[in-house]
Each structure stands twice: as C-alpha cells, then as structure tokens.
Amino acid sequence: MKKLINAPDDVVAEALAGMALAHADLIRVQPDPLVIVRADAPIANKVGIISGGGSGHEPMHGGFVGRGMLDAACPGHIFTSPVPDQMLAATRAVDAGRGVLQIVKNYTGDVMNFEMAAELAAAEGIEVATVITNDDVAVENSTWTAGRRGVGLTVLLEKIVGAAAEAGADLATLTALAQRVNAEGRSMGMALTSCTVPNVGRPGFDLPEGEIELGIGIHGEPGRYRVALAPAAEIAAMLVAPILEDLPFQRGDQVLAFVNGMGGTPLIELYLMYRELHKLLAARGIHIRRQLIGNYITSLDMAGCSFTLLRLDDHLTQLWDAPVLTPALRWGH
Amino acid sequence: MKKLINAPDDVVAEALAGMALAHADLIRVQPDPLVIVRADAPIANKVGIISGGGSGHEPMHGGFVGRGMLDAACPGHIFTSPVPDQMLAATRAVDAGRGVLQIVKNYTGDVMNFEMAAELAAAEGIEVATVITNDDVAVENSTWTAGRRGVGLTVLLEKIVGAAAEAGADLATLTALAQRVNAEGRSMGMALTSCTVPNVGRPGFDLPEGEIELGIGIHGEPGRYRVALAPAAEIAAMLVAPILEDLPFQRGDQVLAFVNGMGGTPLIELYLMYRELHKLLAARGIHIRRQLIGNYITSLDMAGCSFTLLRLDDHLTQLWDAPVLTPALRWGH
Amino acid sequence: MHITADRIIAFVERVATSIKAERDYLTQLDAAIGDADHGLNLDRGFSVVLTKLPTVADKDIGTILKAVGTTLVSTVGGASGPLYGTAFLRAGMVIGDRQTIGAINLIGAFEAALEGIQSRGKSGRGEKTMIDAIAPGIEAFKAAHFRGIDLLEALEEGLVACEAGMQATIPMLATKGRASYLGERSIGHQDPGATSAYLMAKALVETVRM
Amino acid sequence: MHITADRIIAFVERVATSIKAERDYLTQLDAAIGDADHGLNLDRGFSVVLTKLPTVADKDIGTILKAVGTTLVSTVGGASGPLYGTAFLRAGMVIGDRQTIGAINLIGAFEAALEGIQSRGKSGRGEKTMIDAIAPGIEAFKAAHFRGIDLLEALEEGLVACEAGMQATIPMLATKGRASYLGERSIGHQDPGATSAYLMAKALVETVRM
C-alpha cells in the first residue's frame, strides 16, 4: 500500500485537521464526537441540514458544509457509518429551533445509526426529519432486500435542499423537496480498479487487467457484474441504459448530468466520459441543462466513474444555480 | 492499461470536446489548430493572456480559461508541447490590440514552440511578451542546463496575472508582475506511482511497493532521487526543506500554500499533507495567508503530490482573491 | 449452576480478546461480500469496552451489559454497531440489577437481544446475517435446557447450533446488509456478522466452562 | 555523383518508414530519460509529411525540404519538432531551387541544419542530444569528401561516425532537454534524439546507395 499517510488509524482525524486549517472561514471541526460544522452555525431561523457517512468519499460530505449546502457533516471511520453520538452532536450544533433534516445514504449501517440519533434528538425535543437517498440502479429495489444504495444523487440533493434551506424553507417543505429530488434521480457506477482501505493495506478485490466491475457502490465493494474492459463509449452506454430505463427518463426531459470520478481517475477521462454521456442523451432527445464533472463522491483511490442523472424543472434548476460556498463547491457569490 | 478512453490517439480531442460541451458558457474549443478560447474573446481593451503545454495535466491549462484567468490555452498531445500554429491561432483569437502575454513552463519543447509562435505573431504585427515559469527546486538552476522546470507555480501565476489583466493592466506591467510571481514562488513534487501515457500503454517507470520518487516533474519522468516510502510527515518535510532554503523563505513571511495532487491521489490524502505542511511552516514562523488544495496540475493517473509556496504581499493577495470564473477555479462572482 | 457478574466481565474480556485475534479474518470475510471493515469495527468497539469495564466492575450484570451496549453503539459504527449495541442493551435491560443469573435469565436475555437485532435491522432468519448464527444457537440452548440438561452442556449445544448456523450462511443469498448489493455473487461466502456472533457465543461457553 | 529531387523524396519516405518501424524503440528510449513520446512525436509528424509529399513531388529540392520542415514544426511538437523542423527548413533554404545536388551542397545543407538546431536549442556538443550524433557525422562526411572520396562512400563514413556519436551519448550526463532534469541518473542511457538522427542518416545512405 502506497499512500500519503502517517498511521492508518489517524488518517481521518489528520485529514479533517487539514481541512479545518484550510477552510477556517467556512467550517470548524468539533472533536469527540467528530463533527464538521458550518463556521457560523447555528443560523438563526434556518432549518439545519446534516448528513454523514463513512469517510473515504472526500470531498463528500465535509467538503459540502458551508453556506447554501450542509450545516454539518458526520464523518465515520473509512467506509464505516458514523455513530449516533456524532449525529446527535451535529443536530445540537445546527438546530436553530426550526428543526433538522438528516440526509442519509441508504446503507443499513447509516440508516440505523442515524435512526438511533434521531430517537435521541427527539428525546431532547429537537424536531428531526430524515430523508434516505437510494439512487443506485445497480441494485434491485425490492422489499426483500436492503434496497438501493444512496450514491451520486446525494451530492446533488444536498446542494438543492441546502439552497432551499438557505432561502428559509421549513422542515416539512425541505423533506418533501428532498424526497422529490430522490425520486427524480438515478445513478450507476463502475470501477477500473479496486481501492485500498488504509487499515486493510491491500485492494478490496482483485480486478485483472482486462476486466472492470459494473454496478459498484462507493465502498470498494465488488460490483454487480464483472465484464471485459471496453472502450469508453461502450462503458458509457452500459451505465446510461439502466439509468434511463429505470426512472424512466423520456424524450424531452431536461437533466442535470453528473459525471463523478471515483478518486483515482483523472479529469481528462471524466471529460471524455462526459462527451460520451452527452452523445447518448442527445440521441434519446434528452437535454443536459446543467452538469457537474469531477471527483465529488469517491472511493479512496479507486479508478472509475459514475453517472447520475437528475430530471430538472425550473424550480430545481434555480436551486441548483443558487449561490453555494463550501470547500468543494462554490459559485454565485 | 485500464483507462476510460476509446482510442489512445483520440483522448485529447475527445476530452476537449467534452469540456467544450460542458462549459460552453465559459469557453469554446477551436479545432485545427486546437485552441481553447474564452467564450467572449477577444475582450476589448484587455491584454490577452495565453498559455499551453502538453495535455495530461488537466485541469491545467484549459480548465483555467475564463474570466479573470487565461484568454486561451493551447493543448499539445499528451505530455508533448503544442506546436507554434496553435499558439499563433490563440494569439490571433485573443489579441485586442493591447498585446498578448505568453505564460510558458520551462521545458525545452514548450520554450522553443512558443518562441517560434512569438516570432510568427510579431511578423503579423501583434505585440507578444513571454514569461517562463521555472519554480521546480528539484532541478538545479545552472546556466549549463535546460534550467528548472515550470510546475505548480504556473497555476498561481496564471490566476494572479489573469486578475491583473482583467483589471486593465498593460503588457509591460503584466510581464513584470508575472516575473515577480515567478521569482517569489518555489515548488517540489513527489510520486508514489508512475503514470501511464495512453499511447504507451504501460507506466513510464517502475516504482516498487516500498519506494517513492522525489523531485519529479509533471510528465511521468523519473524524479531526481528514489527514496524509501515514508510517513506523510517525513515526505512533507522532504518537500518543504528544499523549497524554503531555495528562495529562501523566512520567518514572518506570508505565503500562498498550494498542495497539488498528481491525479491519482485522493483528496483525503491531500488534506492530510496540508496539515503536515501547515505544521512545518508554523514551526518556522511562516504564515499561510491563502491556500489551494486539490488536483490542478496533474500527471494523468500518477499518485503523488507537490507543494508550491508563493510569498504574498497585499497586492498579490488581492489579485489572488479577485473573482475568477473558469471550469476549474471559480470564486468571487 | 449460576453465572456471576465477574464471570460476565470475564466473558466480555474474552470476547474482546477473541475479536482482536480474529480481526483480520473477520475483515477478510467482509472484503469478499461487504466493505472490509467488520473486524476493524468490532475491534475498535471492544477495545474501548475494555477501557470502560473497570468503571462497572463492581456493578450488577444489567449495568455491565448496558455499558457494553452503549459503548458499542458509540464506537463501532457501521451496521454491526447499532445491532450488537442494541443486543447488549436489551439483554442488560432484561437482566436488570441481578448479581447472578441462571439459564432462564440467559434465555430471556438472549431472546431480548435477538429481538433487538431483528427490530433494529428489520431482518429475520435466512437473510445471511448474524441472525442466522444467533437464532439457531438460542433455540438449541433453550431446547437443551428444557430437556433438563445442565447449563454448560446446554450452552455447548447452543454453540454447536450457532456454528452450524454460521456455516449455513455460506450458500445463502444475502437479502440484508451490504452483501445484498451483490445479489447472486453473495452466494458462497460466509457472513462476517454470523462469524463474529459465533465468536461471542464461543467466548461465553469458554468463560462458563472455566 | 549527384542526388536528384526524386531521390530526396525517396529519402524522406524512407525516413518516415524507418521512424514508424522504430517508433516504440524511440519512445522506450525516451521513457528512460524523458517523457516517453519521442517516437510518437516523430511518427505523427512524418505520417503527415507523407501525405504532403505529393504536393511537392515535382518541385525543386529546396521546396521539398522546406515543406518537410514546416510540416514537422506544425505537427511534431515537443523539443524535436522545432529542432528537426528548423533543420529541414534551413537545409531547404540553403539548397534553394536546385533539382540536383552534390556533396558540396550536401555539406552546406548539413551545416545549415546543424546550426539551426544549435541556435534554436541553445545547445552544443556533449550535452547528450541529437547534436552528438549529427555533428560528428557531418564532420566525418566532410573530411571524407575532402579526402576525395566518392559521395556514397563519404556518406557511409559519415554514418559510421554518426552511429558512434549516438552510442557515445550513453555515458554522457545530459545538460539539455528533459533528460537534464535527471542529473546523474541520465547517465547510462542512449539519447532518443541522437537515435532518431542516426535513423535519418541511415535512411539517407540507403537511399543514395539504391
């Protein structure tokens, strides 16, 4: 394992210390329980928006804390859900009396830990609502399974809901908005290589030179299918097809297209994939109204990418365009 | 080789097509000769700022074209200097009568190709000035060599000079400013792994599990020294020491600290390295006034990082803070 | 035969030791069908539990188990944190302020723990989780007890069933937890949670046997 | 013995063929001490040159060589593009509108080309570049010619010196081009540019020999 780290156990704490030093104008990092909080939290008269999950997905979620997006993020150990103490501390830190919305990616661990935190917060008299993202079309959605994973859409949802919260929306409105965004978006990812968890020291799975994993999540877990390495155009088609079918997206739809890198794939390849995505959507009469391209929800050093499509209307587009000022996303100020 | 590409020969053109589709509001891509031009170029009454170099360093330089930074960028083939035709086309596209400044990284090929372009532009009556960046302390600066390479400082210089150009400075002033920035900054980089040029298909050099290259450039070339893999704190010290000595930076200096990823290293490690850098500078009484952390001048999928320090005064700080609106850097609008 | 509070402390210590010893094995099992952290998660939690045990060393069994549960909830994270945390909490609540417990109390505690896991995890048997080791273990223990067998022997019968349950997860298709994302590819691998549950059961039997 | 314009065309075609055949070898040499693109760069350039040749097939030698030079400048990039481009341009300028050339013209063309490379590259002998193959080659050719030897034989003597010059780059410490960044680590590797220069010289000799 070759990484720019000291001891594997200290990676998360040291990286967060670096973040805190770098972005003291935007965020502060509270230790024990570990929480990344917007520097000026709580914001009077604003619903608090919190999220969290295992670390190793940087910049998500800590990089999205700031004006117009999250009020706090709870970073777990690498690929491990945070514990309820963290979400409770985050909730307390951001609550301004109008309640707190938890944005939770659908993983058993995340869901249960946030659920326990919500019970504890409720016992303290803080109004908490929860929205679970489950946009990953690689996983069949059945009442007999843990359901679909929350992946790329989470980034877009946090931006959009964060903008609405900044504009003063109440908890019920924000919850409904988040549910709507979740309903209107779908994702699918692939890996060229596995990733290496520092504490494990070797890649999570072996992926021979000529093979790729299709339908991966964001935790270095193997995907749904292993297929032969193919040209970018074919890989793009394999990612897009199940996304379009699932919602389904239709001719005339306007979308936000998000090409996300898994951490080890350089930008030049992501732009190349964006071109493929654009071609495939154009051929189906789907119009890309907004786009996001880059490493935003990653799996450590995994090489690969994911596509997320979110159907846009004017309202969602305005919320997407609204100013945001966080370590990882900033525009409009 | 596992990459999200179609044919190796088409990588640059296809990625640029993706960029053009994604950022049509900011840039346009002119084919044959290939040039990325600010969408609204030429800007009346503004000195044109152009740069360029081999591709494979994304987002540099194309990602820095836009308001407050570059007017045009000339992308060569991967790791290969662009040809004079491109710089000439860029110069023509951005010249608004007040001349054009070429920002050139010090590589023999880049220098010669820009030089030929400048001769051709001069023959057409366009006033052209050239500034060469050579901030890499890994290479000894001697009149007997090709001199130091231009690396990370180029990003900061393009931002600062771009801001001054946007504010209306003339060509002589901008040239002097660029020379000053170049004089006040130093960089040093390291690699955990080599990178793979698509047309070559295998890593440029072998780097065994327990070894790293110190003093690398940005073209997948081996570094100056090969040393044993070490904890982040030690690697940071190895990068900082030669930078500080060389300028030299002194107690009380204020700096812009730039932790750059080489393309395959995830953000979590870059923030961790930023913490190490911060500690080392604090111990020397050097104050980080501004920072930039992320993948900005990369070597395809190489894992590793570089540090750049630029001594700041109020004037440079203001220019750094000035609004910028490009695909890769945006703030203040 | 009765189990005293200091036996319970010894049991928890033995679990911590066993989890640490099998940390990499558990993580390896999780790498195959999960995210390669199960051993790390539990070891992190039980290491903190060890530092907390002295504060409850002279307390009743319910207090000890609840302290373990809260500590696991606060330190493990992932799916196994809330699940094992809830299990120990519920067991502690059922046992209350007793200083010694017998087979009947154990059955009550086990069943409360299992129910806690099932309601927190919204899961049942046959989904390739820790439940598939725990539930048959409890059933066998209970059956043996009601056949009139001695506590240790009954626990040993429970352990055999628990181990069989753990092994029976290998051919199962996962429908809960991360492994469920793999669909058919989850088949052929032993569930890490079922394995850690078996390690805990083994630690209990060994403690009682001593 | 004289060289006609169509022999020059044949020479350029032979260079293109040879560069394509040795593309990976040149790139491999460049990987060791540069950035692994020298073969790719030249092959890209000479492939375009081949498509341009028909437009100058019936022209004088100067026009042919200048067309090669401009095309190389516009397509090769890197360090070798301006250097070889300038070399062909300068050679073409010296030769002008001749339809046939002899040894004396060749010497003039070679020297103009070398001077073009040196002034564009701000470089001289002993810096581990293409110059270390080209300069001794020209010297040997010139010396042989002034000893009164026939053109082909003189060129062959030049080629031998050129090859020796290429090999002499192996122990050199690079002080120009990318290899110079490696410092001491540049020692022990043959310079890619010296190698491509040798391939061009070889192509010339083979064309004249035919």
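Which chain is which? They are A, B, C and D, in the order written, and residues in each are numbered from 1.
The criterion applied here is as follows: a residue touches a chain if its C-beta (ideal position, glycine included) is under 8 Å from a C-beta of that chain, and two chains touch if they have at least 3 such contacts.
Bear in mind that the values here come from a model prediction, so they are computed numbers and not experimental data.
Farthest from subunit B in C-alpha centre terms, which chain would that be?
Centre of mass proxy via C-alpha means gives C as farthest from subunit B.
Based only on mean CA positions, could you tell me how far subunit A sits from subunit C in angstrom?
Distance between chain centres: 32 Å.
Taking each chain's centre as its mean C-alpha position, how far apart are subunit B and subunit C in Å?
About 55 Å, centre to centre.
Just how far, in Å, is the C-alpha centre of subunit B from the one of subunit A?
Comparing mean C-alpha positions, subunit B is 29 Å from subunit A.
Sort out which chains touch which and give me every pair.
By the stated definition, chains touch in these pairs: A-B, A-C, B-D.
Which of the residues in subunit A come into contact with subunit B in the complex?
Its residues touching subunit B are 1-7, 11-12, 14-19, 21-22, 55-56, 58-59, 63, 192-193, 209, 212, 229, 231-233, 235, 263-276, 278, 288, 291, 293, 295, 298, 300-301, 303-305, 330-333.
Along subunit A, where are the residues that touch subunit C in the complex?
Going by the criterion above, the answer is residues 33, 54, 76-85, 107-109, 112-113, 115-116, 138-140, 144-146, 149, 197, 199-200, 204-205, 217, 219-222, 224.
Can you check the complex and tell me which residues of subunit D touch subunit B?
By the definition above, subunit D touches subunit B via 27, 31, 33-37, 40-41, 44, 73-83, 120-121, 175-178, 180-183, 185.
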